[in-house]
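We just call them A, B, C and D in the order they show up, numbering each chain from 1.
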Amino acid sequence: MLTKIVRTVANQLILFIVIFGLYVIVHGHITPGGGFQGGAVVVSGIVMLLVAFSSQELKKLLRERVLSIVESSGAVIFIGLAFAGIGTVFFYNLLVGTPIFGRVPAIGPGPGDIWTGGVIPLMNFAVGLKVIAGLSAVVLALALFSGGEEVEE
Amino acid sequence: MAALITHSPILIIVIPLLAAFLTPLIGMTSRKARNVLVVVSLVFVAFLVFALARDISINGIHVYTLGATSPDLSIPTGFMVPVRIILEVDGMSVFFGIIWAIVSLAAAIYSLSHIASETGQNRFFTLLLLMVTGGFGMMFTGDLFNLFVFLEIASIAGAALIAFRTKFADTQEGGFKYIVVSAIASLMVLFAIGLLYAQYNSLNIAYLAQVIQYTTLDKIALGLFLIAFAMKTGMVPLHLWFPDAYSVAPASITGMLVITSHACMYAAFRICFTLYGGVINAPVVGWIIIIFGLLTMFVGVTMAVFQKDVMRFMSYHAISQLGYMWVGVGVGLAVLGNPGLLATYGRDAMSGGIFHILNHALYKPLLFFTGGALFHYTGTRDLTKMGGLAHKMKWTTILYIIGTLSISGIPPLNGFSSKILIYESVYQFNPILTITGIIVSILTLASFTKAFHSAFMGAELPEYKEVKEVPRSMIIGMVILAAGIVFVTLFPSLIVDWIIHPAADALIDPGPYISAVTGAIP
Amino acid sequence: MTFILGSGYAFWNPLIWIIVFMLVMVLVYFFRRRGQKAYKKGTDQARIFLCGEEVPEAGERHIRVGNIYWGFFETLKEYYNLILRPHTGVINDYILWFVAVTAISVLILLIAGLAK
Amino acid sequence: MMEYIPLDFPFLAAALLVGISFYIIIFKKNLIKLIMGIAMLAAGVNLFLVSLGYRAGGTAPIYTDVPEGPMVMSVPQALTLTSIVINVAVLALMLTMVIRIYRHTGSLDSEKSRRLKG
């Protein structure tokens, strides 16, 4: 628990950090970044909250059970998307040519097109979900541990 | 069915992964449904492995290219080299796959009631299934980087499972030692992969095997690969972490960890025989492996006689048995460049070593499971506190006897068939190896007799009045492995002809493995 | 006969072994049948006899693991002192062994390469 | 000034990192320091990997408004990223175990946390 200044600033700043993290996740297939990097950015915001507020308060916000569900469903979505191509080959990019993320990028230098990549942006979402939930659970658990509290299932 | 077989290499890896992440979701609603999911997915995987093994014995190596328009399109049109993630399954891979399928199924069934009193069971089964994924991935992958990734998946899941019973202090220590050792070993593997990638700009094992030159950097990479994987298998003098980690894990996990160490052994064989197959300085590497193997056999068993903790004692025996495999395959490697000697005894020595892997994978998890059964009600691993348990635990006693006779190489059990194959072939290479092997075998019998006497024999002790036979699912898990032992005992030649010789031939001649990915060798 | 595991010098057939073992068991049973008939369970005949001394309790008369093979360990005392020295239980030492063995193996490989 | 730095400078740095981290892992008995050593070892290996793909004067391997010229190789970067992700998991696991060890034994000394030996 730090001073009021830190808490107020953290309160305002978390929004921007989350938006930046989501930006990195969404643009993962055309710019540097992706699910893990964006998720890590979001979790860095959660670490900031953890420093500004106490781990007890954050524990009420992020429930263990919810984090567990989000993490597992992120992984299940990822594997499900990979399974979707099993008619051809596992991991086959079956969205290429369809209106959803289906455009083929032009060869050579050019501005990035967000509607490319097929299932890759969707997989980035799934990985982002998993990383946000998983890493915040790790960070929260470590904070609660060092506070001397046991984490229950 | 044909489509199922075509996709089976990836399905075998992915179905446990999918089940792993479905487990916490389903486990929240119903415990029974979760158990059914775990067991059914592993049964299905085992079925796929056997179907794949049958298909490989008929149609040869399976190549599966992820994300391509067709599974066998390993080199896309317009490319000279394989670029995608490729799974490649040959006789050797599928041999280890069969072992892993049987043992992981038995371990999962055994765990159902072994950890029934612990908290966090959903996590336990998630990690168990992730470990299964990691093991299958290591065995089936066709490129070095995925080998590293799956090695890490298996190690992380394994370490978390070792430390699963957090109420004991020693489990945390054992898990920590395991994860430190695995992290360093796998980082060295990654370093060696980097050394190879720097020179040949590829990660595919088959392609690298075709272009490898055996430069100075390649030799350094070979040393790093070999010793890092040897450390993960528990080769003396790098075995020090091995009993620490294995003795504290839940017994079902210890049984599975034995097979992850076999998977690392597979990786070491794959590196030596396939990746460096054409260029390796076979006598030198072979002798390095043989000398370490002899040390492993002897130090492992002498340390085991000394132990008083039942799981620790069995862990040292696992180390000592690993020595037989290293010696058998090492002799094969040492004469790899000499076709005459290879035909006389080299191939038999390798078959013996590989056959011993199968036997060890059946009886060692069985013995660990009986050790866990002893722990289940007595609550101690200390042999000095045990006694007279045969009065209460009849099934466990019988299964322990089967395992003991098998590990000590008492005819007619399966341990004897592989040991005689090793002894007879290795004798022609160097008699000292056989003599050491027989001494180690005698000491093994002696120490297991000692443990049997102190745990099971004697009058019924007053402090164990309430002990009863372990729950049914634990018995089923052990009986699966015991049935495997009985089958291999009765039909050794059948097993050798069907799965051991194809595995040994896949190691001796890397040609088919290479040409399955890169096409015909130019 | 697919059950034979031939390896050059000898062969191994578990079925023959099991049949011989069965025959031996039958013989053993036959000789056992010819033994003393007067033995009865539940009488004083079945009690433990210890030179007339009082028989200790179950926990007392079980030979614990520490006492088994005492002579073996006494003979090999020096070997065990030597072999127990590396087993320190300290994680740092484990890694030291790893680095040392890796260095030695790489050196051997490099020197063997030079000699060629 | 950039072009005067020899190309194998990153490799020397990686070797230095690996050497220092092995020194830490072998000789520092504090478990937290040991974990730091492993993190440094991972950093050294990652630096080695990522500098394998470096091409002098190359741009980032992304096709959004790049100038003409060579690109650095993207495969080692993907490998490094994967390795970083794995190391996050490994380090988190190690830290939780060390916290538990500390709670059970009240010490972070690796000489003192050795119930398992022999």
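Observations on the structure shown:
In this text, a contact is a pair of C-beta atoms (placed from the backbone, for glycine too) under 8 Å apart; a residue touches a chain by one contact, two chains touch by 3 or more.
Owing to the predicted nature of the structure, the values given are computational and were not obtained by experimental measurement.
No other pair of chains has as many C-beta pairs in contact as B-C. Per-chain CA centroids place chain A at a distance of 55 Å from chain C. Chain B and chain C have Cα centroids separated by 23 Å. Chain B and chain D have centres, each the mean of its CA atoms, that are 29 Å apart.
Taken residue by residue, chain C touches two or more other chains at 87-89, 91, 95, whereas all remaining positions touch fewer. In chain D, the residues that touch at least two other chains are 25, 34, 114-118.
The touch graph of the protein chains shown belongs to none of the named shapes. The full set of touching chain pairs reads A-B, A-D, B-C, B-D, C-D.
Interface of chain D with chain A (complex): residues 60, 62-68, 81, 85, 88, 92, 95-96, 99.
Residue ranges on chain A touching chain B, taken from their complex, read 65, 68-69, 72-73, 75-76, 79, 82-83, 85-86, 88-93, 152-153. Against chain D, the residues of chain C that register as touching in their complex are 84, 87-92, 95-96, 99. Of all the residues in chain C, the ones that touch chain B in their complex are 2-5, 7-10, 12, 14-15, 17-18, 21, 57-59, 61-66, 68-69, 72-73, 76, 79-80, 83, 86-89, 91, 93-95, 97-98, 101-102, 105-106, 108-110, 112-113, 116.
Note for the complex: chain D touches chain C at residues 22, 25-29, 34, 110-111, 114-118.
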